[in-house]
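Two complexes are shown next, each including chain A; its partner changes from chain B in the first to chain C in the second.
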Partner chain A sequence: MNELASVDWSRAQFALTAIYHFLFVPLTLGLSFIIAIMETLYIKTGDAHWKKITQFWMSLFAINFAIGVATGLIMEFEFGTNWANYSWFVGDIFGAPLAIEGILAFFMESTFFAVMFFGWNKVSPKFHLLSTWLVAIGSNLSAFWILVANGWMQYPVGMHFNPATARNEMENFFDVALSPVAVIKFLHTVASGYVIGALFVVGISAWFLLKKKELLFAKRSMVVGATFGLITSLFLAFSGDESAYQVTQHQPAKLAAMEGLYKGESRAGLIAFGILNPNKKLGDNEPEFLGDIEIPYMLSLLGHRHVDAFVAGLEDLVYGNPLHNIPSASERIANGKIALQALSDFREAKKMGDAPKMRENEAILQTHMKDFGYGYFEKPEQIIPPIALSFYSFHIMVSLGMWFIALFALVLFYILKRDITRYPLVLYAALWSIPLGYIAAEAGWIVAEVGRQPWAIQDLMPTHIAATHLGGGNVALSFTLFAILFTVLLIAEIKIMLRQISKGFEGGH
Partner chain B sequence: MFELLSFLQLQQLWWMIVSLLAGLFVFLMFIQGGQSLLFSLPENEVEKSMLINSLGRKWELGFTTLVLFGGALFAAFPLFYATSFGGAYWVWLAILFCFIIQAVSYEYRKKENNFLGQKTYEMFLYINGSLGVILLGVALSTLFSGASFHLDENFFVQWDTNLRGLEALFIPQNYLLAFSLFFLARLSAGLYFLSNINHASLHVRIQKMLLKNTLLFLPFFLGFLAWIFLKEGFAYDTSGVVHIEAYKYLSNLLALPVVAVMILLGVVLVLVALYLGIFKANVHGIKVMGVGIVLAVMGIFLLLGFNQTAFYPSLSALQSSLTIENSSGSHYTLTAMSYVALIIPFVLAYITYAWYAMDKKDIDEAEIRDASEHHY
Partner chain C sequence: MQFIHTFFSLYKEGFANLKLGKTLWKIVLLKLLIMLVVFKFFFFNTTLHSHFLDDTARSNYVLDNLIKETP
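What follows is the complex of A and B.
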């Protein structure tokens, strides 16, 4: 098996495990807060109905949490198993957030999870409530640190390259942890979890109302869920807008792919809806879209906060655009090769004990460091991410984001101002929107990760260099094992979840 | 304050933290040990449920410690993380599979409509408790027996066998540690159940089990000690050149008296705990056991990494062997991480508090039969 196949299998395996993992994470993030709010209402009012409501959603939370933990374990170790080269190259930066996540967040989550579940009759109601809040805070904190790590891969900051160890070393922890990309990624991702949690609660409550069962419980849950959902879905759109701004600033090729933008323009419009032209090639005169609806000026505004601003297209990035100071990919590849050569000369000099030569090559290396990773490419076109996947995923995510805002507003209106049970259409819409939340979130990850290609770490390390040399056969086998195991567990989870839901609020736990 | 430490001191500090985590993890393996007893110890469903619920409130601690162990290695010794996980691919994946199936089993076992059936989830727990522990033992034992890899100029790992880590299963000596851990975990489990479950006839059976497993544990553990203290080790000199040295681990033991005392004291405490359990069914045995295991395991890890020893020796390219000096994170990262580690005592404190609050009352049959409580 050749190594290329091995890289592709490792990518497939990482995608598979990450997609599975992110089927469970958002619900943990969102539902934990919703439960905490419900329990707070119970403690404040002393109304036993709220306790039943809390316990019902908590029992669903536990079913989801278990499989989230199971799929999460592999994510942590997979950096080592399948991306060993990457792990060394960035371990000095990347490892720290992961360890902090363990120390700060995981223990909080798991310790108080036990209290939350088994402690109803063992600890005081106040301590129990505190534990529930700590589970929510712990799970959100753990999301923070892993997203810091991910944010760093999109926009590496706070480090320098050490030629002696051939890796990046951290220079400023706070630059890494508080990088704007990391922070906005955290906010957008946890917000997506809140929205999915809200969709889950509202959708299942709608099902009870359609069945005319558990009316009181379902209506109360719905009010909490829809309020939480409306606020968080507005925030989700706002944070998404800021994400797009960051992408434009730091990953222009990703943005261009997300928007199907081949030729850069000033006063660029945002594609609201479009069908890509499959025959379009870089540099030809074919139209980009078979059909599209564009919102004028919006892309310039989104990407640069200015209607007149120039937004770079794929052709500008590949062929260069001197007018806007954009170097061509060929130039960057040439620079990258100089950097790689300097690294190799540095090593040679080190072996010889030739200090002046080491200094000389280190200086060359540092001047060309920002193009270091380009040195691994041969053709300028290699720097383009998959366009269709990035484009459609982005547009699906954004459209769904708009729909969720409308849905929560509608539900809230009907449940507060009308008898919602008489509007089955609204209830069905809520019910069928549960899967849409998951689709939007997975699409978001596809935008972020497929859009980053061909890089594992933007401009520093291409994906094919990052992978462990494993041989395709090994990874094909482990991919298959993961696919089988996770699918079986997912089926079990869904079956258990559905049964538990159908037992209703009084059904015990 | 940590910035003032030398690079070497930071590396040693982090090796100590990793060793401590290893000790805590081995102690928490009482959860695995308990799972391996599910089919032999209880006589009926209720008893089995009592065991599972007793373990079920703690399993996440063990799991989380494993996760933290991985994270701490990544952050503090990234070259080990990259080399071993990437290189010994199949052993680590096998271990991970054993832990993935654990994570769902407590919650799903008794749930209606659970697709695989209660027996399967109990089998999962059993596999995690037996195979999972044995594989981990084999993997850890390669720190003594070595592995076949070399590092290229970019420090990228090349594994030199096609078995990708499974070759460790064919080194008989690795099973000494593997089975020591397996039986040790069952012993801690017995002591834990004594402290936590109130059930007379179960206690009698636990005492018998403890006696039997002590007799099985001792030969493996003594064999393991004999092996490491008689075997050659992998030493490096001040310029970082690695060479093979006879009786390396024994000379480490003599060179590091504090460590020797730790190991000795640890072993004595384990024996005291076993005495308390076997002959007195004492509820405090588990605490003594915990301290003993943490001390002994930590000590053994310190033998591996301190005193100019390569803790991950390469059999095929001696100079690629990993030491705490050539595999660690940078001075800056280790410093930053040390500040974060200051939180650990606080974390331990709230874990202890929550544990105490939840265990004030023993588990008994009445609780398991009470439907108003959440249980597994």
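What follows is the complex of A and C.
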């Protein structure tokens, strides 16, 4: 296996693990809050139907949790073996949030999880309700720390690079934990989980209604699910807007790829729908799209909060645009090479015990550190992310997000104002939207992770530098084994869940 | 004391009365076995911490990689 193939397999393996892991996580995030709301209704009303409804959805939550738990552990193994350069380079910045996540997840979730499932007749109803809420809050807090770590990779702040140890050292914990990229990433990601939870509840309730079974339970579940879904899908759109703003500010090449924007423009329009021209190359005069529908001014508004604002295109970022103070990638590559040379000279000076030379080179390094990662590229065009995958994933995500708002509004209208059982089309739409929620969430991750290529850490470390091949095992073989294991787990989850759903709300949990 | 007893019996009776949970626990344990034994020992058996004795050696390894990769 050559070096490039090793990097590609490591990337494929990480992508596979992350994609499968994120099939389980969002339902946990969303369903936990929906269950807590249902149990609150039970405690408020004393109506035993709400208790059965809560227990039914809790049993499905347990299945998803059990199958999904610890699938993220493999990513930690991968960091250590396949991405050791990266793991060392990020230092305690990555370690601290992940350690907090581990402690929180273990103690908070596992303690209150037991009360939630075993404690129905053992603890007071109010303490049980508190436990259910704490499981939901704990799950979401765990997600926060993971997303802080991911946010730092997209927008590295609050640290100082130590050339003696090759590690980034945290200077300000709050800059890392509360960076605008991390916060909005958290809000947008958990909101996608809430929408998936709501789609799950609404879709399965729709199935019961189509089968004319468990009507009271299904209708009540549907009201809670659709209300929660409508509120959270609106919030998802709002957080998506803020997320796009942050991407424009800190990862302009990602935004340009998401929108297929080659030449930057003022009063830029947002592509609502488009088919990319596969023959388009950077710098040529081919049109970007074979066909597209554009919403005027919207991209400027989205990216800079002003309709007249200039939005940088890929050509501006690669070749530079002095009019808008955008340096070319070639300039940044030159800066990066100065930084790398300074790192090398610093090391030599350290070996020689030459303190003044060390200080001199460290100063040069820190001056050019913001372009450090560019030093690994030979051609400016290498800074461009995969355009088609970023563009289509982004547009699939946004289109589905809009559909979910409409769906929840529609379902809520029909369940509250009409007899929804007489509208099978609405019920089928709800049922078949369950997988769409997952497609939207995975597309969102593809935008986030493919869109930031070629970087593992934005502007500091390209992906091919982050990778190592320390392990004795074959990455291609472990990739295949992962694929088999995760697919078996997914099939097991679906089978067990279908069996549990078919037992119905009074089937015993 | 009462709290410890309630807490302990919560787990004891909870595990004793598992229905669906039995299947789920089997899956969890099997999965952990595969991950922590098969994957960890055969595919992810080497990290910087296991490969090098101290942080200086680890730093040197990463610095070598950072510097040698310059085109």
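Following the convention adopted for this analysis, the second predicted complex is superposed on the first by the 502 of 509 C-alpha atoms of A that agree within 3 Å, B and C clash if a C-alpha of one lies under 4 Å from a C-alpha of the other, contacts with A are read in each partner's own complex, and residues count from 1 in each chain.
Keep this in mind: contacts are C-beta pairs under 8 Å (C-beta built on N, C-alpha and C of every residue); 3 or more make two chains touch, one makes a residue touch a chain.
Please read these numbers as outputs of a predicted model, since none were measured by experiment.
Residue contacts after overlaying the shared chain place A:K495 against chain B, while chain C stays out of touching range.
Considering which of chain B and chain C touches more of chain A, the answer is B.
Of the two partner chains placed by the overlay, only chain C lies in contact with A:K337; chain B stays clear of it.
Contacts of A:A96 after superposition on the shared chain: chain B is touched, whereas chain C is not. Of the two partner chains placed by the overlay, neither chain B nor chain C lies in contact with A:N361. Look at A:S239: by the touch rule set out above, it reaches neither chain B nor chain C.
In the superposition on chain A, A:E378 makes contact with chain C only, not with chain B.
Look at A:A164: by the touch rule set out above, it reaches chain C but stays clear of chain B. Comparing the two complexes, residues 59, 62-63, 66-67, 69-71, 73-74, 77, 80-81, 84-85, 87-89, 114-115, 117-119, 122-123, 165-167, 344, 347, 468, 470, 474, 478, 481, 485, 489, 492, 496, 500, 508-509 of chain A contact chain B in one case and chain C in the other.
Residues 6, 9-11, 13-15, 19-21, 23-25, 27-28, 31-32, 34-36, 38-40, 42-49, 51, 55, 58-59, 62-63, 65-67, 69-71 of chain C touch chain A in their complex. Residue ranges of chain B in contact with chain A, taken from their complex: 57-58, 60-61, 63-64, 66-68, 70-72, 74-76, 78-79, 81-87, 89-90, 92-93, 96-97, 99-104, 106-108, 111-116, 153-159, 164, 329-330, 332-333, 336-337, 340-341, 343-344, 347, 350-351, 354, 357-358, 360-361, 371-375. Considering their complex, residues 59, 62-63, 65-67, 69-71, 73-74, 76-77, 79-85, 87-89, 91-96, 98-104, 106-108, 110-115, 117-123, 127, 131, 162, 165-167, 169-171, 173, 344, 347, 468-470, 474, 478, 481, 485, 488-489, 491-493, 495-496, 498-500, 503, 508-509 of chain A touch chain B.
Chain A contributes residues 59, 62-63, 66-67, 69-71, 73-74, 77-78, 80-81, 84-85, 87-89, 114-115, 117-119, 122-123, 164-167, 337, 340-341, 343-344, 347, 375-378, 464-465, 468, 470-474, 477-478, 481-482, 485, 489, 492, 496, 500, 508-509 to its touches with chain C in the complex.
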